[in-house]
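Naming follows writing order (A, B, C and D), and every chain is counted from residue 1.
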């Protein structure tokens, strides 16, 4: 029992500590619909435990505020009418302080509940709630960076924050031979529905790079007019480039002829040797085309993952986000979690600087629409045998 | 000299006192492009004095921050590149506190400057700056109401705030006879360029109501399906109704069959006897058509203004916002103030609960696009002789 | 009686002769929502006579097709549900031939009706129907030019069509003295409701040019970077320039450094001495600002009209389109004709190459949204005394 | 040689015969960006042979018109600047007759060229050109139906056209056992790049229905409020439903309580026993969810295809459109054909009433964005073992 309570408290604390460097104002804005205000993340993760744990299992629990379910429900449509997503940034109330009170109120009630018996059903909800909040920790990172990084003053989140590192081992190719392989989560511990069933796939074989693409390599692609050469791009990508006039990774700025980028430590010249970040699937694909290579599939990635170093960038794959054979949605509101996103999105594998360590497993499947750049994404190239 | 400094300090203090009831979060949001974040108003009015007074007339003045001119310049395009208006709500930095520091810094510098000689040129800028800040006080009222009134929690700005009142005198018509009349500002004291030249107009005569249209009367228009009957509406208004699905004044909500409205004191049942507020020109025109009457022109209004009680609602007129004969824009950046808005907007006359007393003169011309509802607007009917 | 029938037949024939140079395909397209397909004009003007004349006054009349009222009703909302305007270009049926059959069918029925008694009520409808069809003749010109002029092949409508001419008299200013003047339609003959009442206005006096602005003068404005200098433009105009990236009159193309324009005779180098055409109100205003002058008001224009030569360009005025004193809408569906457009539009005076001669009267008021360029518009400058 | 020329002539004739029932006006419209005007299809397929065959291999060939490459190039960006897709419907010139002249001109030149030697390179282009034109024949069917079916007069394309049929055999399930299977095109004859490489996949096993879903079954889904129950729909699908207000298959209309649909023979009551048509992937997925089943993957479909009757509806699959292992784009402009669409689209298998017989092979992969309804799509359900 203590184990669950400890984990609960630790996770909840981590979420709050991520917000510590923020000014109150930073909690409010929603600059684009994909970016939620930090205060919304704080409240939404709390609403999850209130709705699915306290209201279900704690007899005497009285909800903190009758309208919070409406305000902080996101996609769990079964659990009540939701607020339209692009309006979140206009909700100045409840205040940040009230939201912290809400967190405390729910935390106290959860503490009490977990000091008694913990049923299997509760454990199930707790596991999902933990993982859910950890996923929002990751989104918090992205969203905070977006809010600060789009401010003309480029304020630092933390002056000593190190987003970048180098991979200084020699470049090599990891080989996967033609054959059948096992894919998906097996064994104990938590996993998401989208990692199931554990099943077999046939691979034709491939080689995967033991290093990520660097900022310097990507800068060469830009210099080579890669953004202008239609032949590297998907048809939908070209429409996206035309509409957005994007011609570099997110957060890159050319200042007096030199590439700089915004990091959580402020605006800096790019480090050419460090792995690239903040490119969309469209860009990752175009870069690979330019190189005459390709992105690995998620199955190739999972099969070879033990043989290269990963865990600091979400890595683009060439796989669309689809259900595994035998996939079934969990019943009820929780069932909305993953299945409804299985169209128009691409799978990313790995994990990032912003990922909770217990999400860092080689079967974990993250997914994004192919135009998004604001997550901590990278490129690992592959090629046919 | 003291006179100017006193006025400066009083006006600056009034602006800040308007914001006193706000939570820090309320300063940040920009729910629609016409509504600016309160912190932007606080900074923009300060930028005005910094740019046009201090930088021009105070030798040793050092600007507070090199990028604030970019962030807080609005329409004064001559004074430097401006930030795109709909982005203001995403600018979480500078913080509210930093903006108050900015205000203090500029206030100190202005205090020092005004303790020496005040030239006529400076007086001119000061007068415009005072009036400019007072206009923003009025906008602050509207914008604060919009931000709080669109929050699902309907927070009160001030529980004792009285937005509504009744006009309990007997209804009558004020008559204007056919003839030539003098229009525009004449005499001493401050006035805006758009109130000039003082000139003559010919009127065919009219009768103007000595009372404003009430909430009750407008509710009857709604009951009579006034929003659905195309014959009362302009062609552009119908397109607006179709697109927005508007079918009542702003802030009106039907709750269990009864009309309520959001006031700065919270959500309340409507007071049927109180003057109507928050209707667009389109709605004012349609209501008048339904009544078989019309809106007064701004010239009729100005001519008859001494004969009825006004000053708590901006009153819609049937006049488009156009220059008076002989109108000339002032030279330089200040010249952008009014002239560039003289197309596609309708004139409002009077003043409102939110208006500085020194804007309450019968020659003052306010103007809005015909679809806007968020200002404290009302209807006074007129008819031909 | 014969008189009415003759006029009917002549006007109907004129409409059709305007379409004679068209290919069947040219009748179908609606490239922007303001431009209607020529076949729609042919059918809509026919629908007018069918609905307001034949169905009302011809006992035995059987409508040509039950759905044509839906397809070819435009803004006469009282007369039944209308088809959404931007969809007109997708209506490939009825075919052009069927629409000519519709015209013939209605023409025969009108011929029969008019061979009997013609009541005053019928005369009233006929007059409006004549003027209505003549207005559509004018729109047909504009729309045909738009459809052909936006085709990459720049097909000629008529190789010998002369759109341009020169005003080779010496430049001079026509003076209007300060005083009261009579405005509006008085006397016999047809006039529109918006030309009434005949009433008095006071003018402060002005000088009006006896020549129109030429293509050459406007080219100088472009060379002087007039489109980029914000100080000449309305605030709404700047937003329009940014959104559309317009930087020249409609139909102007710079080819190898020289301005060309599309005329109904094909693509040609501009004639610098000929009066300018195809500029919006926004552009006309900005040009006048650049010149340090202004546009005349519609009252100045009407007062001075006898003293200068006009009739080949619709001339921009500085007047918003508003009702005259005592204006009342006619009863019924016909009443929708003018009043509902009296917001957000500016008045044009004069007439154009495309105007029926009986619309060429100095009291006639045309009106357009301030961004439109596709009509045969020109600029005549004015200045204060 | 004759073989190629015969095939060329036959295919070209088929395209034209599809257009025979059209009025000239029907060739012009582009009601939505996905639907091209029939005259554009006629010209574009001709442009293909002119550009890739005649200009490359016929020494003396003189192009028909210098601007047609600009007007009728679609996605072959390498081959020159293309016209923006949504503008096609405004291009009234060249006329339909001129386009038929263009076809004739090119056909004569091709006839001459093919009467001499035919190199392997030419054969390759010819095969692609034949298949390309046949794909456009299929699109022509869809687009013609869209243009006529969105006309308020619901004109018939051919009064005797039979779109619908019944599958009157007993319902049963075709079983695929767990195991490795061969996928993709192998052997002789033409195939597209996206059918290669021939490769192995592992399947977990499934059952596939031997009948398509009928109109009656889908009507039950509608009655059961399937469009309103969020749990059956993807998240992107819900946004699509909200935006478009779609609540039935394309061309379905409820008239006095009974479902009707537009067929190429006109508006008719639905045939409940006939296979459903005109549903998007989103709807197919939601229907399967409602049934507690799923769509087959494209690999399951291909593996089992010999065991059920197919060929009259394109059948939705649960597979995203992605490259097969070892896929490489052909070099040059031709290489744009398929690869650039391999994101955001779903695979359809089978063929339809509108498909050329030589596209009816079980390895053929068609693909559409998941919201599109205008193709002749159907649903075949599957379930896990």
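Just so it is clear, a contact is a pair of C-beta atoms (placed from the backbone, for glycine too) under 8 Å apart; a residue touches a chain by one contact, two chains touch by 3 or more.
Predicted, not measured: the structure shown is a model, and the values here were computed from it.
The chains that touch chain B as well as chain D are A, C.
Chain C and chain D have CA centres that are 45 Å apart. Distance between chain centres (mean CA atoms), chain B to chain C: 36 Å. Per-chain CA centroids place chain A at a distance of 57 Å from chain C. Interchain contacts close the chains into one ring where each touches exactly two others, per the touch definition above. Looking at which chains touch one another, you get A-B, A-D, B-C, C-D. Residues of chain C touching chain D in their complex: 23-31, 39, 67, 70-71, 83, 87, 89-96, 147-148, 150-153, 155. Those residues of chain D whose C-beta lies close enough to touch chain A in the complex are 75, 77-78, 180, 197, 199-204, 230-231, 233-238, 281-282, 285, 318-320, 322-323, 325-326, 335-336, 340-344, 346, 370, 384.
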